[in-house]
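In the two complexes below, chain A is the common chain; its partner is chain B in one and chain C in the other.
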Partner chain A sequence: MVKSTSKDAQALFQSLRSAYAATPTNLKIIDLYVVFSIFTALIQVVYMAIVGSFPFNSFLSGVLSCIGTAVLAVCLRIQVNKENKEFKDLPPERAFADFVLCNLVLHLVIMNFLG
Partner chain B sequence: MSKLLIFLTLIPLLPILTTSFSLENPSSRRVLVLLDDLALKSSHSVFFNSLQSRGFDLDFKLADDPKIGLHRYGQYLYDGLILFCPTTERFGGSIDLAAILEFVDSGHDLIIAADSNASDLIREIATESGVDFDEDPAALVIDHSSYAVSNTEGDHTLIASDEYIKSDVILGSKKIEAPVLFQGIGHSLNPSNSLVLKVLSASPSAYSSNPKSKLSNPPSLTGSAISLVSIVQARNNARILISGSLSMFSNRFFRSEVQKAGSPTKHEKSGNEQFLTELSKWVFHERGHLKAMNVRHHKAGEADEPTIYRVNDDLEYSVEIYEWSGASWEPYVADDVQVQFYMMSPYVLKNLSTDKKGSYFTAFKVPDVYGVFQFKVEYQRLGYTSLSLSKQIPVRPFKHNEYERFIPAAYPYYGAAFSMMTGFFIFTAVHLYSK
Partner chain C sequence: MGMARNLGGFLVLFLAISICEAASIFQPISDSHRSAALELFSPTDGSFGSLEETYEALRTFEVLGIKKRPDISATSCQSVSETLGSSTSSLKDVFHALKVNSVLKCKVNDETFQGVAKRLKAVLNDASSLLDFYYSIGSLVLIKDQNSEVDVLRDADGIFRSIKALSQSDGRWRYSSNNPESSTYAAGLALEALAGTVSLASSEIDQSLIVTLKNDIVKLFDSIEKYDDGSFYFDEKLVDAREHQGPLSTTSSVVRGFTAFASVTSGSINVPGDKILGLAKFFLGIGIPGNSKDFFNQIDSLACLENNRVSVPLILSLPATVLSLTKKDQLKVKVNTVLGSSAPPLTVKLVRAFISGTKDSSVIESLELKFDPETAVHFLDVLPKSVDVGNYKFVFEIVLHDSEDKNVYATGGQTQVPVFVTGLIKIDNAEIAVLDSDHGSVETQKKLDLAGENAVSLSANHLQKLRLSFLLATPRGNIFKPHQAFLKLRHETKVEHIFVVGNSGKQFEIILDFLGLVEKFFYLSGRYDIELTVGDAVMENSFLRAVGHVELDLPEAPEKAPRPPPLAVDPSSRYGPKAEITHIFRAPEKRPPQELSLAFLGLTLLPLVGFLIGLLRIGVNLKNFPTSAVPATFALLFHLGIAAVLLLYVLFWLKLDLFITLKALCFLGTFLMFVGHRILSHLASTSAKLKSA
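Then we have the complex of A and B:
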């Protein structure tokens, strides 16, 4: 078995970055949006660990709104990706309309559960 | 015409004439006294007179009188029964073992005095009450170390005992100085019966045996396990007194001077009169009979009783407890009355404070649990009638608009939810216009 070195890891990251640079811009924006939601969710989990779980419904709705947003964004990304042959017949406008509708429902539920 | 007039004036008085013992006013009670021999009426007159002077209406009958009966037309004629008939094998009239047990079961009081050669009937009544007399019919309680000194040496069956139960409510607050004279049969308590209590027990050196025969086998009853006088308070608060000696009630024993063997003091008068008078006061509910009334509860700061409480409400609970003193209801003073806020198990158990005028009160917070609760007072103390009060009350959770709306600790979560919404708007705009 070949011993792995830090050089291998560097080479791995290099190839990953160069491969990602080829991604279309609209997919990169979606990725940024997903990272933002996940990060917000993590902040809330850390906050809950520090101050305790007292308004538990508020905590759940805060975290679930982030997770839900991230999941919906990932779904949108799958559907608008040109490389993805599975959704070849689905127009990206239709995918975006689904995304907006789902987000509206999600935030309606979150608002009800928050207070 | 005048007869009719008298009759008409008497009709409104009828309800007054027929009132019997009631919880509200347990006075003017009628007691049936069954005797073997009417001579007992004069030989035990001091005991009977003390009862009569306290307002009891005694009805003396021979035990085999064919006309005696405890009830007529479905109503009891008497409130108490005294059986001074140790040798009676069968009662006259309609009275038998079952009738006497039913009499007690319906909340009436009973005094039984047995003696050596007690009949099977008396033994059976005692057994049903939770005590077992010595099975040897000729047996007497003998004590060679704490007998009562007399002129003749005798067989030491006349016992002077001062081993009383320690209870002010049963024997009165005044200490009984002189020992109590006892001559008769001993009994033991049925260990499975938790309601029966020894009031006067024999000394550790006593034993139960036939004094005329030689002691061949070890006696079946020995020492302090022998009870001389026992009491029972049934669950329905009926009270029973069981004594193994009829002569301890007699004028001769009441008046006799007493000196316990080995003790230098000679008492002018035995303790029998005080002991039995106080004990009869207890048996006939002149002492230790409690009643509770005016159970009230309300939210702190309000006066009306609500139909429902909310979790975490502050409430106040109060109850009044009185003790019957023989003539009137007196405030009962104790510091150990407790109230439970109970739903399958007590969630709150609090001592009630008293104003010494009969009122007991406390305040507490409803626990953070909703359901159907009860206020419970279960008060069972030696010698007192048991109090068992319960009052049901539901407890509801917060209504949705009774919760706090904006909690500072939840602001980060609110912020996250709103930032997700604004993020959604910005993303939408960027996504649509980035092409």
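Then we have the complex of A and C:
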């Protein structure tokens, strides 16, 4: 049983990986960016858990900066993905411009809040 | 203790006396003027400064008879001969040099005098302004006094007329014919110059000229002004900032001119002696001036008045205007000339005396004062019985023995002088008692000795009364009513109550009914210190004395009873430093060790590294980067723009404020929009082409 489950899991991962390998490179980049942001946020949360949340606004802005940019990246991914028929008419360049603009606005607020 | 308490009353007395003395009578020049003169005129580096200042100092010393004057002859004489020897020195300097020489008698040779006289006569021939006439004639008179060989003026009449031509119809003078403003000060200068002309004249001046000039003087004296205390003075009517002279210098200029003119002419000048006495009073009334110019004007004018031909003012003064009945002080009166020299034989009459404030009832009528020739003091042995303690106005009159003197001296009729008669007040029958309210029977009674220390101790409750009574009698045995008679009760808590002690006929008495005062006392039971104040300006033994204390037993305060007022705050504490405020700062939060924070900083960089490695693994490339020049530039600018905005954010975090950041962001954002739009639309069009192809 045990073997089969691990085998199944291996098989599952295999299929996942092969399926993911088919993903276009630009989407992979965005995925990587999302993972990078989430990990950065996680490290800050761990830091907070260890030493306390004293400059609370700094902590918040740091974490929210990461989460916010990750969310924006996910949005970008949705819009850029060709599978999504919903955004078929939207050129990816336009989506990228939105992403840049939103990031700039987000970080202006973050910097203001950073203290 | 007793001394200190008496001090209060004494101060009141002293103050009252000093105030009244300031407003009273005129004292002739005395030694205080002499010491002030030596202080005011003190030479620096062996001279008094200019020749004018030197003359003022020398003249003041001469008039005051100060022999021990500072030795300045060496430097001053050198300056005199330099001024006289030089042909370019101004008229004014020559005039003052000659004046200095008239006092110092420097060695100046005859040729110098002749030269100066020749120059002065030349000036005189075509002089047109009053100052030219004044200085040149004044100088010639001085030369004539110092060196008799100088000849006299030929055309005195002509010069007299030219000076007279500058006079105005009201007796004042103009400085020059083209200056329409007339001045009283100039009138004084003109009179002095005219007097000089008369004394220099070779023949008699036309008498009609002298007569018109005498009329001018009378007119000038019509414009004299008066103070309430009987002093007269001249003042400039026109206030011209350039030429303006104060009342003191104006008056002294007129006095100098008037006395000089009177001394060179014969016949009477119709100026009343009162006005001349008033002028003397004006100069004496200013006391001791603080600056040397005023001091000189005062002393010089008084010297002119002392010897003037019209009438010599006599000044009546009292060495003391406070007379003690108890010490049997004599009323002393001095009569002197303004400079303090002795008067001709005369009698001083005390015409009347009355209590100030009540004009009609006079206490003395017509008394003659005796004369003590040794001290030159007129005195009254004993004050009449009718004079008791109080403030009086004494009216004196000077009667000259020799009827000829009446034409020479101005006595000014009656002189009114405020005089304080003081004395020890006798305090009798002083007693303090506690009475029962209902019957009025005496519960306890204590005698008081208000001249000495007392320490009575009484006790009373709210149904009783406290009575304090005493009698005050003057040395003459009359009832005395002081200005102040207060009783003060002070509770242990420093709450004070002050009552005025009234008098019923002979007796001073106050009855405190505690039943009516309970509320006023704020229901405060306990020990009250009693203090009695009796004071008056003419009471020599005014006092503020602790009598003792009373133990009061008052009922409990009802709920709505008024609270005692807060104690008066000590002014030194009110204006003193406030208690220091110590600021409490929030304790700083505990910070983690620096190593840990740095480690986590490194950790946060790890995902970035992972991201980059991931990018490499995926096989990212920049093949899509535009190759042609224009889009490549735009792409580059686009990335630089984003980098610039991020850099701006970092600066915003580090030092900039929101406004500067937003302004900069405005420009950067527009730029970014532009290049972003260009590059992205370029990319979109190329990808669209690819698709369609």
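Going forward, the second predicted complex is superposed on the first by the 111 of 115 C-alpha atoms of A that agree within 3 Å, B and C clash if a C-alpha of one lies under 4 Å from a C-alpha of the other, contacts with A are read in each partner's own complex, and residues count from 1 in each chain.
Going forward, contacts are C-beta pairs under 8 Å (C-beta built on N, C-alpha and C of every residue); 3 or more make two chains touch, one makes a residue touch a chain.
The model shown is predicted, which means the values in this text are computed figures rather than measured ones.
With chain A as the common reference, chain B cannot sit beside chain C without a clash. In the superposition on chain A, contact is made by A:A97 with chain C only, not with chain B. Shared-chain residue A:F59: touches chain B; no touch with chain C. In the superposition on chain A, A:F39 makes contact with chain C only, not with chain B. When the two structures are aligned on the shared chain, A:Q79 is found in touch with neither chain B nor chain C.
Of the two partner chains, both chain B and chain C are touched by A:Y47.
Touch criterion met: A:L108 reaches chain C, while chain B stays clear of it. Touch criterion met: A:I30 reaches chain B, while chain C stays clear of it. Taking chain A as the common frame, chain B overlaps chain C at a single listed stretch, which among 256-264, 292-300, 346-354 or 418-426 is 292-300.
The residues of chain A shared by its contacts with chain B and with chain C are 25, 29, 33, 36-37, 40, 43-44, 47, 51-52, 54, 96, 100, 107, 111, 114.
Interface residues of chain C facing chain A in the complex, by the touch rule stated above, are 589-592, 596-597, 600, 603-604, 606-608, 610-611, 614-615, 618-620, 642, 645-646, 649-650, 652-653, 658, 661, 665, 669, 676-677, 680-681, 683-684, 687-688. Residues 25, 28-29, 32-33, 35-37, 39-40, 43-44, 46-47, 50-52, 54, 91-94, 96-97, 100, 104, 107-108, 111-112, 114 of chain A touch chain C in their complex. Across the complex, chain A meets chain B through its residues 25-26, 29-30, 33, 36-37, 40-41, 43-44, 47, 51-52, 54-55, 58-59, 61-63, 65-66, 69, 73, 96, 100, 103, 107, 110-111, 114-115. Only residues 405-407, 409-410, 412-414, 416-417, 419-421, 423-424, 427-428, 430-432, 434-435 of chain B touch chain A when the two sit together in their complex.
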